[in-house]
Amino acid sequence: MCRWIAYSGPPIYPETLLLTPENSLINQSLSARYSITPTNADGCGLGWYGERPEPGVFRDVLPAWNDQNLISIARQVKTPLFFAHVRAATFGPIQRSNCHPFAFDQWMFMHNGQIGGFESIRRELEGLVLTEFYNVRMGTTDSENIFQLLLGDGLRDDPIGAFRRTVGRVEAVMKAHDITEPLRMAAAATDGESIHAVRYASDDRAPTLYIGHSTLSGQPDETGPGVMVLSEPLDFDTGDWQEIGMSRFVTACAGAFDEEDFLPSK
Amino acid sequence: MCRWIAYSGPPIYPETLLLTPENSLINQSLSARYSITPTNADGCGLGWYGERPEPGVFRDVLPAWNDQNLISIARQVKTPLFFAHVRAATFGPIQRSNCHPFAFDQWMFMHNGQIGGFESIRRELEGLVLTEFYNVRMGTTDSENIFQLLLGDGLRDDPIGAFRRTVGRVEAVMKAHDITEPLRMAAAATDGESIHAVRYASDDRAPTLYIGHSTLSGQPDETGPGVMVLSEPLDFDTGDWQEIGMSRFVTACAGAFDEEDFLPSK
Amino acid sequence: MCRWIAYSGPPIYPETLLLTPENSLINQSLSARYSITPTNADGCGLGWYGERPEPGVFRDVLPAWNDQNLISIARQVKTPLFFAHVRAATFGPIQRSNCHPFAFDQWMFMHNGQIGGFESIRRELEGLVLTEFYNVRMGTTDSENIFQLLLGDGLRDDPIGAFRRTVGRVEAVMKAHDITEPLRMAAAATDGESIHAVRYASDDRAPTLYIGHSTLSGQPDETGPGVMVLSEPLDFDTGDWQEIGMSRFVTACAGAFDEEDFLPSK
Amino acid sequence: MCRWIAYSGPPIYPETLLLTPENSLINQSLSARYSITPTNADGCGLGWYGERPEPGVFRDVLPAWNDQNLISIARQVKTPLFFAHVRAATFGPIQRSNCHPFAFDQWMFMHNGQIGGFESIRRELEGLVLTEFYNVRMGTTDSENIFQLLLGDGLRDDPIGAFRRTVGRVEAVMKAHDITEPLRMAAAATDGESIHAVRYASDDRAPTLYIGHSTLSGQPDETGPGVMVLSEPLDFDTGDWQEIGMSRFVTACAGAFDEEDFLPSK
């Protein structure tokens, strides 16, 4: 189980969310409060948009609290949309290519959760990736596989439809192999304009997901109609945070967001 | 606060202590039980003796549980004496040169604890290092500084005397600068023959230190008159572990050990 | 194009071949003499056998000349059979899982060369890997793919037959995709007893391969009936080195070696 | 001997100089043309200014051509002033803290060259660092030591005077220790406004230094009155590049630059 945060709004330094808050993402990397695996020290990543359509991506293997490069970038770049992630590995070695976010053209993806029994169905799931997205793969995680499947299932044209098709496809393979471990995911994708996020599990224990509206203390000028989608609240004044229900899909953009029900395709 | 283990006895694979036990050193790196900082994920190291007088040393910046190189070495080399260490950083960046054990000629040193207010007296303490040991320094930690001071204070000829002189010297500098934070140390040095370890603090909260006699379960043939000095027990059958008192110095060799009182030189 | 060396014989410290000679493997990493890519700085690896049937494996992403861990291990472990490798990347990011040697059970494999057009046939070649070897894959290289194919083609029972079948299979896929770039390989596999090596190309420019008999200067006692298979000679006294011809397969063991012709299966 | 480039002018993506040109800094890391050590693969760094007075700094140990993080940042951030550096180590291990540029408050420093006999006078030179700058030191290089001495010698108020005093001070220590190896430097410092650079050696072989005025091909809109100070030209149309003479000091700002003679203080 990992921790992540997605932000969209007025340009801010990512440190505003990664370093400053009481329960900042870096503090969650050392000791997450809402997670079954409190230590998320198996690498970290930050992807952010600037003037180009493609994001910049920094990913590395050190625990986030140790990575002076991550910290310096988070203090230096101002960005209207970024994804940040701290990893707790389930499958695959600790290497940059297994760290989130994953990027392709102007899209990024990150994930908290797992495909139950991935080791036994990895070959089949990788075989479902379309040829044009196959060489996107530089690592070995189930998360990167989901991103590749989403790309092939139409992520760029129909995000919620792509998530429905990909999750349905994965569940079908799991069922065909009699896998009883659940699929669980709190995932987000973005094209640099909108954040698309889902909270879902094949059992009743989907990873937590929250929406936050920022008027983060001490950052009055830099915020405004910003919106965050994230694994857990950044402070403990619960007024600012709203839990996303299970089997729900969120689209956030320009400080606002919509929610709708999410069910995988059959 | 770090965690470490020193072993001397019949040749064993270090995995016997690093990987196998219930509270193995690798498990302590993720969640130490007797420590005020439970996560020790700021690098790791293994130094071991073979046929040469000098040890082999592996040190790296990943958390121990993620380092397949560490794990492979711990499974592959058989050694009659080794030091292993997982770091929780107090001062200095995460880089190999700040990981323990430190080595010079046939000597190794590792440490759990800290020199109170080290940042404000670092310049003076580094100035006390003898020229001949000055270039041993490749990192920035208080621990490496202690090792260099020990070398200059006669570690190779009179280990307990060197510890007394070095600790006394450090405490004098701390006092001259009105530092109120304590010096605390659970440290070990070896020449490949004997393990010299000390538990000491300038207040009453010295880091824990234990002695263990091995008949580790499942390793009947490989052990025998082995002895371990270590930060905390490797399992919870308390019969095998003996706590070292504060202000005590241990010399372990050939499966046996002696204890004596330890007071810094004035 | 990478550089590698395989040694079998009386136990030696790998430094004897990696560090000491005039054209040692570490010197080849900075400036290889017989290679079209002189700098081999994209990671390094060392796999060696001890008392267990499985090898110990150290792989890392730094240039070999910078890796103090590699250097320390090469000075500390004595071994009767080892593989060492310095990488010049053709496909895939610089990560430990893309460094050689690759290991599975008691087998190791390393490679210099490339599958022409690998990016366009990667999906098909990975699809040929048997399920039982699929999760061996932790990286993205054509070299690791060849190892997995060899395992499925019977490497453990019939090494030369497995090489014939795997190379034939890869060439068939290349042909089916009208790939004109050549397949080139100088590769070695071992079970800890014998070294099996091949020099082959689908054009007439196979990577160099040499056999050496050791009475390495300055190491009179440690050598004897040892045998080396390697990318290029370690010194420039040509008397000690014998070039392996193209389309030849070498089996080396206990200081001796056999050569035979090598042709891929149709 | 390292390679570096400093840029000041209209905001550009650093890739314009690091990745795109025929003899880009990344190509120089693999094979520099004007250097006695052609391979500069011992780490890399990029420091750049944005809206804050302090620079962002990315430094890492991989060869520049392998570092996808460096490449992504160089493509994503737009900056009016940056320092970029590829290292060929002379003293000190390969670790982030030994990579350039070094930063303190809003200042940055980078260096190509060496203090002759540094190992034998390191203790004395480090002892000359003022207490307030002593903890800036996180590595072990002569370059970082020069930066700390510059800070103490008034870099922030009188850059050329500080360089004169620091170089004079270092030469005096070298002379007192009868060191015959030369001091050589091509170094640059900046406060985010002006670039101050020096080409100097105590013998007659100072590292090369060039000034370039940019109308880099293919970047017509992004450049203009920009100025580069750098180790060697980025392409081989010599019209754009002007060699800086030995014992010369350059101040570049807002697309223009001044040159003056440089002599160390006695």
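Read from first to last, the chains carry the letters A, B, C and D; within each, the first residue is number 1.
The rule is simple: contacts are C-beta pairs under 8 Å (C-beta built on N, C-alpha and C of every residue); 3 or more make two chains touch, one makes a residue touch a chain.
Here the structure is a predicted model, which is why all the values come from computation and not from measurement.
**Q** Please tell me whether A-D or A-C has the greater number of C-beta pairs in contact.
**A** A-D
**Q** Suppose you list every residue number at the chain B-chain C interface; are over half of them used by both chains (same) or under half (different)?
**A** Over half of the interface numbering overlaps between copies: same.
**Q** Report, in whole Å, the distance between the mean C-alpha point of chain A and the mean C-alpha point of chain C.
**A** 39
**Q** Pull out every residue in chain B that's touching 2 or more other chains.
**A** Counting only residues that touch two or more other chains, chain B contributes 68, 93, 96.
**Q** Which word fits the touch map of the chains here: line, ring, star, complete or other?
**A** complete
**Q** For chain A, which residues are in contact with chain C within the complex?
**A** So the residues of chain A in touch with chain C come to 92-93, 95-97, 119, 122-123, 126-127, 129, 131, 134-135, 137-140.
**Q** In their shared complex, at which residues does chain B touch chain C?
**A** 48, 50-52, 54-60, 68-69, 72-73, 75-78, 96
**Q** Touching residues of chain B toward chain A in the complex: what are they?
**A** Touch residues, chain B against chain A: 30-31, 39, 41-42, 61-63, 66, 68, 89, 93-94.
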